[in-house]
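Shared between the two complexes below is chain A, which pairs with chain B and chain C, respectively.
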Partner chain A sequence: MKWISRKDRAREVDRAGWGRTAGAAIASFIYFFPVLVIIITAFKKHTDALAVPAKLFPDFMGWLVPERLTFTPTLENFVSVFSRSFTTGGAAQDTGFDLFFFNSIFIAGSSVLLALAIGTLAAFGFSRYPLKGNDTYLFVILTTRMLPAIVVIIPVMLMFRITGLAGTYTGIILLYTAFNLPFTIWMMKSFFDELSPDVEDAARIDGSSDRGVFFKICMPQVVAGLAATAVFGLILTWNEFLFALLLTGVDTRTVPVAMSQTIGGDIGVRWGLLAAIETLFLIPVILVTFFLQNQLLRGVTFGTVKR
Partner chain B sequence: MAAKTELALRVSGVSKRFGAVTALENLNFEVKKGGFFVLFGPSSVGKTTTLRAICGLEKVDSGSIEVDGRDATTAAIRDRGVTMVFQSFALYPHMTVAQNFAYPLKEAGVSSKEIKQRVGETVEMLRLSHRLKNKPSTLSGGEQQRVALGRALIRRPKILLLDEPLTNLDAKLRHDMRAELKRLHRQLGMTIVYATPDELEALSMGEDIAVMEHGRVVQQGTPDELYERPKNIYVATKIGSPHMNLLDISASAENNMLNTSFGPLSSMHQSLPTAEPLVLGVRPSDVKIAKIGEPQIPAKVSLIEPMGDLTVVSVQAGNAQLRMVLSEADATGMKTGEALNIAIKPKDVHIFQKSNGVAIPSPA
Partner chain C sequence: MNTTTAAHSSAGKLLAFRWDNWRLALLATLIGVPLSAFVLPNFAAVVATCILGGLLVITSVVYSWTRHVGGLLVAPAIAVLVVMNIFPLLWSLGLSFYNYRADRQSLSFIGLRNYERLLSDPVVWERLTTTATLVVLTVAVQMVVGFLFALLFSKQFPLRRYLLILVLTPMMLSYVAVGAFFRYYYDPTFGLVSQVVNMFTDEPFVLISSTGGAIAAIVIADAWMWAPFVMLLVLAGLVSVPKHLYEAASIDRVPAWRRFWSITFPYVKGLLMLALLFRTIEAFKLFDVVFILTDGGQSTETIALYVYRQAIQFNKTSYSASLSYILLFTVIVLTNLYLYLANRRTKEG
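Presenting the complex of A and B:
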């Protein structure tokens, strides 16, 4: 297996030439522009955020652009995300976003880890110890993701009400785990299918038990797959809104739900605050993707490179 | 009893089916301790299945496997004292060369001090000391091969199984590795069972060769035995290059003369069946240019294939096409269409029954 090293990637730029690299940069800028606007807005006062035409430049860039397009950056939005400055009718109110961020991280993290643990074992079983009707089982697992979420929300809500899971961490974590399992199983199975069975036989001859083969031989080879699957699941769970809206309680609310509830009130939408929450909300996803980028690259190119 | 202790491996009556496919059928062979034993046959005759059964990766349906005089038919893989090198090398891609070597020892619970020492010895023996920290994917084919060998040898197995280990190497490396394997075998004196579809490998390396067909051993013997006295047409055509010439003939009642399309031919065989159709086999190297005084067979050159120091010449004699191997000197100046007298010595004649391909033994 050969992966693209840093040096090779630099060489890729050389090969593509400056024209194509610049083209790619422009395209990236266009795609990233809305995100950029949100990040900029997070640093604006309420009045600046509402200004037309949009003030896109911080004031230290005033020598470059007309003054009416600049704003004075402020951190007050970020402060208000976590402090009691969210006022309703003059009374200070706890925005509570420290709790909501914790909820989002805890719920997404737990459900992805749980889905990885269960799904990886299931995938290994499907890949290495196929049952009669293996493909049918795999298809049945996939069908659980075929209906739009809105179709199953009522039965799920009823189940949660009856079992008392509504509004609890356990409930929403179990639900997200169930959501993540199908694609975790499918993705991990495809990674296990790529491994050479000879290598596992070699380990058996070298004295490994089935457990040893799984943990010492197979798992280390699919680390890239685990990373790719984890990021995929994290993003899906991190962004989930509908079920979180209906099935989490006041204490277990996730950021997307809480964010939507800041809209409204007597001064209208507080764009600056909303943008600050969104900016903070982006950070974990960017961090995870950044730290796993090499693994991800291997994950998405897995099997496309001849070994 | 004495004979039994000299055996490293005895496979008796082993059968194995995969669903409707019979992979091994009543397989029997014995391997002497310290021997270099070759399982030879084209692909899908059951060589790999045989090796996998010996090391325990496949359970056999019936029959028994004895390793070192002890029954190992149902023994756990790790208790058999057998290791194997796979055709694909099957190195652990996520481990360095050193870790690949250490893995079997770690799994066997060997102390880290001894692991270090034995990895050192193995690396020395295989000349891989400069590669210890590398991952397998960064090694050349020959180096990967040596790592696979080292990993199999480091546990000091009673028997080393090699499954077409040279197939994935290029021609030059294959030649070097053949010599290397023979050197290792002499140096370590362990029993080797070597599966290959390559006749040259089989003949040059094997002290004892079992020719396989359809999941069983057709003939077992030394390279000379297989070459000189093939038991049937299958073995006769698989061993020896270029392949043995085969012609339909019959035997005449008088003097045991053979009726061929190019006239009568004498052989050493006695009391051949005259009613039955027979097949004559002659090695290309045994078809010679006739000397004066010898019984001569008129023939015509139809194809000349120079192969360096040897030349393969096809000649037409009667209705029959015969290939002969000539030295470069003998073949110089030869042209297609040229007339030529050839001779076949009675002692070089092999005769098989046409009905089942079984050889009729000659007294010589």
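Presenting the complex of A and C:
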């Protein structure tokens, strides 16, 4: 017989049957519908995306619904995300989204790695070697993350203009590192705080150095946390808009900024293209939501709520 | 006698050429940098400053290597935050006492006049009211929808894990994408919302044409995106309710609403409060969705968007800096409250 602790039994979740599944399925489907429409739009030609009544069904479902509600799926939008030409019937246009995708991945990747390296060290420090006024430091650090971006951006823009960092990769990566640090520190601290100190004490008695304790005892135990922190950091950075809008140049523009500028275009918005970009981003997001479901709560509250 | 030996040894400590003697390095830097700036040519002065600064960093690192491990570990993070956040914030605090404009050279000290001006500016109060309306509405909708979804998912049932993903996805999308696509859905001609409405009336339906409609449009988009957040927190509370309490209640035939108020609610209360505060802080900063959906039209300009306009489009750098300090103060108060509640909950749990 599997041994269950009393606490576990007390907290065991009530079970419900397929009736609940049906209800939840309907509610979830309605909630997910706007995302579903994005995915469907990604496979539409430009004219189909603007059709009235809305064509919501691909043509292989034609036996289910009247023909005027179906469209022929196309991969044209996905191709034009990565190739540098796009036609809406008129002259070919440069989307440039291959560059913007590269920028987003490069900028988010480097700043998250940097923040992870610096932030994990700091989190370990805050967790194991509390300074005088430790809580004050942590509070100030969290506050910098909670601030409206516009508050920070005004002086940062002046600073970047003087140092010539505006529009460069270095500038935006540095800023995003600072943007990710509070989140990384709080997340990693919450993971370090959970480790049992007994193992570390035992290792110390056996003559392990501080560095040995950190690399050989603590780090292996928080690898999952490290991964979760990195992934949340990547999503947060990828989605960030205002810093990128004001501090990236033509060559360093990120995907959200490029998307927002597409909306302001004069030839009409290319909804199919936008939808394709968003669909490409949906795949990693859904994978993350699935595999990190247990860390999701901690991730969205910056590690302040564990369970 | 004791004092003389102490003085002796500290003088000896100061002058010893050792890698952990940061005091000597500091002294050398303080004397050497200004000196080199006067004596040496430009480039050499920069090199000398770099060498002395490097020496100072190395000696302090060596010094703290065994003595102040905690300080050493957090130093790089603090340094990055000071350079990219704290220093700019102090700079903008300084600027808020001047009448600086990014497009002009003139600069004169005007004391607290910026703050006087913005507190008596009816436009600022109008923007604050708009923001407050949006915050109250969007947070209320998020709490209700999130709570209902949490109740739905609070029991274990087949396929729960997969259905949960569908509900949680909106939270992970970018503001720009959500804003853009809600604009697509609200479009007067081919938007889905207007098509549904047109089934009942023949008049063209433009949601974003009136203030009420525009606010509803923003609230729906933002609440749709963030209700899963509330759900996630409430769910954590619901799952933590010990099952035997319900069993006892059902033996005593406690009515359902009573069971909810005296068993479920106390377990959810703390997390609900955290969700409320967290969402309030985030909604207070509402910028991206409004920027994309209405761009502040139909009097939906939030305070964050107003500061953006003043700073970026009208170049009123000092004025917007002082305005942003009001935002900063509000967020600090709210964050403090949030952390107080979060800590209290951790200690109780």
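One rule holds in what follows: the second predicted complex is superposed on the first by the 250 of 307 C-alpha atoms of A that agree within 3 Å, B and C clash if a C-alpha of one lies under 4 Å from a C-alpha of the other, contacts with A are read in each partner's own complex, and residues count from 1 in each chain.
Methods note: contacts are C-beta pairs under 8 Å (C-beta built on N, C-alpha and C of every residue); 3 or more make two chains touch, one makes a residue touch a chain.
Predicted model, so just to flag it, every value in this text is computed and none were measured.
Engineer: Answer with first, second, both or neither: which of chain B and chain C does A:72 touch in the superposed model?
Structural biologist: neither
Engineer: Going by the contact rule set out at the top, does A:136 touch chain B (first), chain C (second), both, or neither?
Structural biologist: neither
Engineer: So in the superposed three-chain picture, is A:212 touching just chain B, just chain C, both, or none of them (first/second/both/neither)?
Structural biologist: The first partner, chain B, only.
Engineer: If we overlay the two complexes on their shared chain A, which of chain B and chain C does A:261 touch? Say first, second, both or neither.
Structural biologist: neither
Engineer: Name the chain, either chain B or chain C, that contacts more residues of chain A.
Structural biologist: Of chain B and chain C, C contacts more residues of chain A.
Engineer: Based on the superposed arrangement, let me know which partner A:47 touches: chain B (first), chain C (second), both, or neither?
Structural biologist: A:47: touches no partner chain.
Engineer: Taking the superposition on A as described, I'd like to know which of chain B and chain C A:163 touches: first, second, both or neither.
Structural biologist: Once the two structures are laid over each other on A, A:163 reaches no partner at all.
Engineer: Quick check on the output: what are the common chain A residues between the chain B footprint and the chain C footprint?
Structural biologist: 307
Engineer: Inside the complex, what are the residues of chain B that reach chain A?
Structural biologist: Those residues of chain B that touch chain A are 52, 55-57, 77-78, 82-84, 86-88, 90-95, 103-104, 107-108, 137, 151-152, 155.
Engineer: Provide the residue numbers of chain A that touch chain B in the complex, in ascending order.
Structural biologist: Listed in rising order, the residues are 1-2, 196, 198-199, 201-208, 212, 216-217, 220-221, 223, 307.
Engineer: Note which residues of chain C are touching chain A in the complex, please.
Structural biologist: My answer: residues 69-74, 76-78, 80-81, 83-89, 91-92, 95, 102, 149, 152-161, 163-177, 179-185, 189-190, 192, 195, 224, 229, 232-233, 236, 239-240, 242-244, 246, 271, 274, 278, 281, 284-285, 287-288, 291-292, 304, 307-308, 311-312, 317, 320-321, 324-325, 327-328, 331-332, 334-336, 338-339, 342, 345-346.
Engineer: Would you pull the chain A residues touching chain C in the complex into a rising list?
Structural biologist: Residue list for chain A touching chain C: 9-18, 20-21, 23-25, 27-29, 31-32, 34-35, 37-38, 41, 49-54, 118-119, 121-122, 124-126, 128-131, 137, 139-144, 146-156, 158-159, 174-175, 177-178, 181-182, 185, 210, 235, 238-239, 241-242, 246, 256-257, 259-260, 263, 269, 271, 274-275, 277-278, 281-282, 285-286, 288-290, 293, 296-297, 300-301, 304-307.
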